[in-house]
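Dropping the structures in below, format is structure tokens.
What follows is subunit A paired twice: with subunit B in the first complex and subunit C in the second.
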Partner chain A sequence: MTPETAYLLYFAFALGGAGVYFLLPRGEATKPAIGALFGLGSLIALALVLSTRIITPDHTTYYFYLFSTIAIAGAVRVITHPRPVYSALYFILVVIAVSALLVLLEAEFLAVAAIIVYAGAIMVTYLFVIMLAQQTSTPHYDSRSREPLLAVMAGFVLMAAIATRSADIAPSQVAGASTALNNASPIVLVSDDASGDSSTTMDEALSSSNTLLVGASVMTKYVVVLEISGILLLVSMVGAIALSRKRVPMEGYRPTAPPLGQIGKEVEPY
Partner chain B sequence: MREFLTSQMGVSIMLAAVVFGVMQGVVAYSIYFERKIAAWIQDRCGPNRVGPFGLLQPIADGLKFVFKEDVIPGHVDKVLFVLAPTIMFVIAFLGLAAIPWGGQWMLDGKLVNVQVANPDIGLLYLLGVGGMGVYGVVLGGWASNNKYSFYGAIRATAQMLSYEIPMGLCLVIVVLTMGSLRLEEIILPQTEYWSGAIPKWNIFLHPLVFIILFITMLAEANRAPFDLAEAEQELVGGFHTEYSALKFGMFFLGEYAHMITASAFISVMFLGGWHLPWLPWAQPEATSLAAVIVKMMVLGGKIVGFLFLMMWLRWTLPRFRFDQLMRLAWLGLIPMTLGLFMITVGLLYFGLHRSWVWTCGGDAVILVLTLMYVAVSRREVSGRTAGMNVIGVGTAAG
Partner chain C sequence: MNSLAEYSVISAILFALGLVGFMTRRNLIVIFLSTELMFQGIVLNVVTYARLHGNTDGQAFGLFMLVIAAVEAGLALGMIVLLYRRRGTLDAEAWSFMQG
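Let's look at the complex of A and B:
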């Protein structure tokens, strides 16, 4: 990575940070127009950085730019919108855009799984809670960001560091031919030593179906992770049930169900 | 140009346009049939004033939806209020993209799929799109800023979240049996025969799973007896209380489109999709244009059958109470489907998952165990307990 690209990347993140700072809800101090302008500049700078690394642009490249722009804009709105319901909805938009990017990576299973899990299940529950908590207007203390400057600095410095580190990977692995992507990306769950003779036949057999590939690698290479996350989910479920159950006094309780032969005969109509 | 039109892409685009157009009409006419069936069950005439047998009624209704005043009340959240019916409508039609309508078509010497999209994960796509459908109801109910609407939205959310679990488990059982997530590959093994006569449809393999899946589909489509989100007696109109004109029409059409998608889906999963035994055009080997049309009609016939069943149920069964609905899902369907899932996995291990005797036996075991548990637990069917404050016992007319 050349120093010019690195400086361009830093510049993009500085612009982005400034944009988010102006967009964060702070009452009258919010300047959405300036923030949007900075954000646009940041996106253009990022696109410039990326365009130096694409060897053979094809139609997926345009989809990539389209969906990643939607994802970034949606993510910014998640943290800058003053009303939590809209934040949740923008998060759903981000999930859908990221799923589209996963489809471009030929990881259809993960794309649909993300939509089912995040948009279909988790966000419905979130939305439910948010809606129950706030019917109409958001209170003042809930719609203002408290430390916008520090939050933006911490977030964007970290992001710039991660981006410059990960940009050192060879360009062929970032965009371009999908085979290179498949071999490089941990997202698509292709084993790193695909060239090894033992795994070649399995890869050939599985290459027809993304779902089979994900299933096989989850059950072989990542089986410990799978088991541990399963136990973690079980523990959290038990904890949630233990926390949410009310203690019901049992003294006055008498089961009043009729004896076995009488079921259905003694139910009073109401 | 001809080369493009006969490629998979061209066929997909044309089919998408045809399916979208035809479905608009089918959805409108399914509302007409709902009213006719309701009238038939209640010994009335039904719509019979507009055109012969009232056949132009959907057009009159559509015109009424378009030309009525579109009221947006002052107290609503305007963006979401407008967005909600759109989401409902779009999502209901999105699912149709993955339905295999007519098998394969030999076109200019190439085989193309008569299917808008044939993704690797067709079944999961339908599941994901179905899961998104709840947003239309939830946002509409919340944005209306009205207690009745909001109660409707809350009921819809809790109901859909609960019934998605047994539905997912039922689909997992089918996937384990068929070994594929691609809908076309789920149909193909179903076109074979047992002893040359009985088609290997999944309904014969897993009748109990079919029934449970149908129940959860009713709940997911917000149909009676699970239509608590729009219970008129309690909630005025439920989540669409504040909606009028075209927006109400979109909710309405969305519900019926959801029913059609669900019917097509369950036909593919359990009734062999476009396959009909002994009909030469409805076999996987037939790839001519006539065969494609016959296959579409076969699938359409199955869809109409399911639609009729749903409407029949709506005008026959009373609505559940909400705690009964929840208990049915969490204490009834989820344990049952979990048991069925365990049995299917066990049969898969021994390679018996396609054997009729074993799968039906497993279903029967689960059914008998459930009935035994229900009998032994001695809970009252209505769900009444000792401490429950029952309103209206002993008083006239509840």
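Let's look at the complex of A and C:
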């Protein structure tokens, strides 16, 4: 990356930091219009930088620009919207945009799984909890941020550091990546010694299906991790039930009245 | 050939935005939403490198990361329900005495 490109990248992040600072809820001091203007400038500068990194644009380039713009704008709204319900809805938008980017990276199975798990399951749980703690108006802690200036500075310096290193991936490393993916060593899922026909069909299926490749990788190379994640899910389920259950007194149980002067001194946790 | 650096840059941006949200917001639910945003950035980065090296290891990692995100969301939301029942507010500052 040439120094000019690096400085343009830093300029984009400085603009973006200013935009996020103005967009963060700070009570009366929030200035969404100025923040949006800074954000737009930052996105344009970022697109200029990225256009120098994309050496041979093809039809996926336009989709990349579209979905990454949606992802970044949605992410900014997730962290700046004063109402948590809208934050959760914008997060679904981010998940869908990131899934589209995953499709562009030929990770179709992971993209669909992310949409189902995130937008379908996790976000519904979040929305339930938000509804549970429903407030009539925006409470004061949602309209005030904690140390917005310092947090934005720290976050965007980190962003510039990671992104500058990331932008230096040499193009030669990726040459022929898709052919390597297609010529991945055939994994024998079912051992059959008699017929040669099924192995060729397995090869064709492996070269054509992303789901088969990922499944073979998860079920052979990372099978221990798969088992551990199952245990982890079980532990999480038990923990969540133990944490959030309501203690109901037994049938016919009447607590004895506390002595006078002790009422109100000790509060039952539930 | 493209270098895929552009996807990596986008993932860095998503991660850092989640970090900013984690540090600035005071609502417990939005704090955990910010961690999910960081997870999205990491998944994108892992899959980018999987594509770069031409194998599917990164996609397997992304799948396990999805599991971790589900575990984290389940436990975190259980905890948020508990804390909300105790204090009647989602403000993280209501628990600031825990900082010692």
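The criterion applied here is as follows: the second predicted complex is superposed on the first by the 207 of 270 C-alpha atoms of A that agree within 3 Å, B and C clash if a C-alpha of one lies under 4 Å from a C-alpha of the other, contacts with A are read in each partner's own complex, and residues count from 1 in each chain.
Convention: contacts are C-beta pairs under 8 Å (C-beta built on N, C-alpha and C of every residue); 3 or more make two chains touch, one makes a residue touch a chain.
Only a predicted model underlies this, so the values are computations on that prediction, with no experimental measurement involved.
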item: Touching partner for A:Ala154 - first (subunit B), second (subunit C), both, neither; value: second
item: Partner chain(s) touched by A:Ile70 [first = subunit B, second = subunit C, both, neither]; value: neither
item: Subunit B versus subunit C as contact partner of A:Ala121, first or second or both or neither; value: both
item: Which of subunit B and subunit C A:Met131 touches, first, second, both or neither; value: first
item: Which of subunit B and subunit C A:Leu93 touches, first, second, both or neither; value: neither
item: Subunit B versus subunit C as contact partner of A:Ile34, first or second or both or neither; value: neither
item: Broader residue contact with subunit A after superposition on the shared chain, subunit B or subunit C; value: C
item: Touched partner set for A:Phe109, first subunit B, second subunit C, both or neither; value: both
item: Which superposed partner A:Leu50 touches (first subunit B, second subunit C, both, neither); value: second
item: Touching both subunit C and subunit B, counted on subunit A across the two superposed complexes; value: 109, 113, 121, 125, 132, 210, 270
item: Residues of subunit C that touch subunit A when the two form their complex; value: 1-21, 23-27, 29-30, 32-34, 36-37, 40, 43-45, 47-48, 50-57, 59-60, 62-64, 66-71, 73-75, 77-82, 84-86, 89-93
item: Subunit B partner contacts - residues on subunit A that touch it in the complex; value: 85, 89, 92, 108-109, 112-113, 115-116, 119-121, 124-125, 127-128, 131-132, 135-136, 209-211, 252-260, 263-264, 267-268, 270
item: Footprint of subunit A on subunit B - complex, ascending; value: 80, 119-121, 124-125, 127-128, 131-132, 134-135, 138-139, 142, 145, 150, 153-154, 157, 160-161, 164, 181, 375, 378-382, 384-387, 390-394, 398
item: Residue ranges of subunit A touching subunit C (in the complex, touch as defined); value: 16, 20, 24, 46, 49-50, 53-56, 64, 68, 71-72, 75-76, 78-79, 84, 87-88, 91, 94-95, 98, 101-102, 104-107, 109-110, 113-114, 117-118, 121-122, 125-126, 129-130, 132-133, 139, 141-142, 144-148, 151-152, 154-156, 158-159, 162-163, 166-181, 184, 210, 213-214, 216-218, 221-222, 225-226, 229, 232-233, 235-237, 239-241, 243-244, 269-270
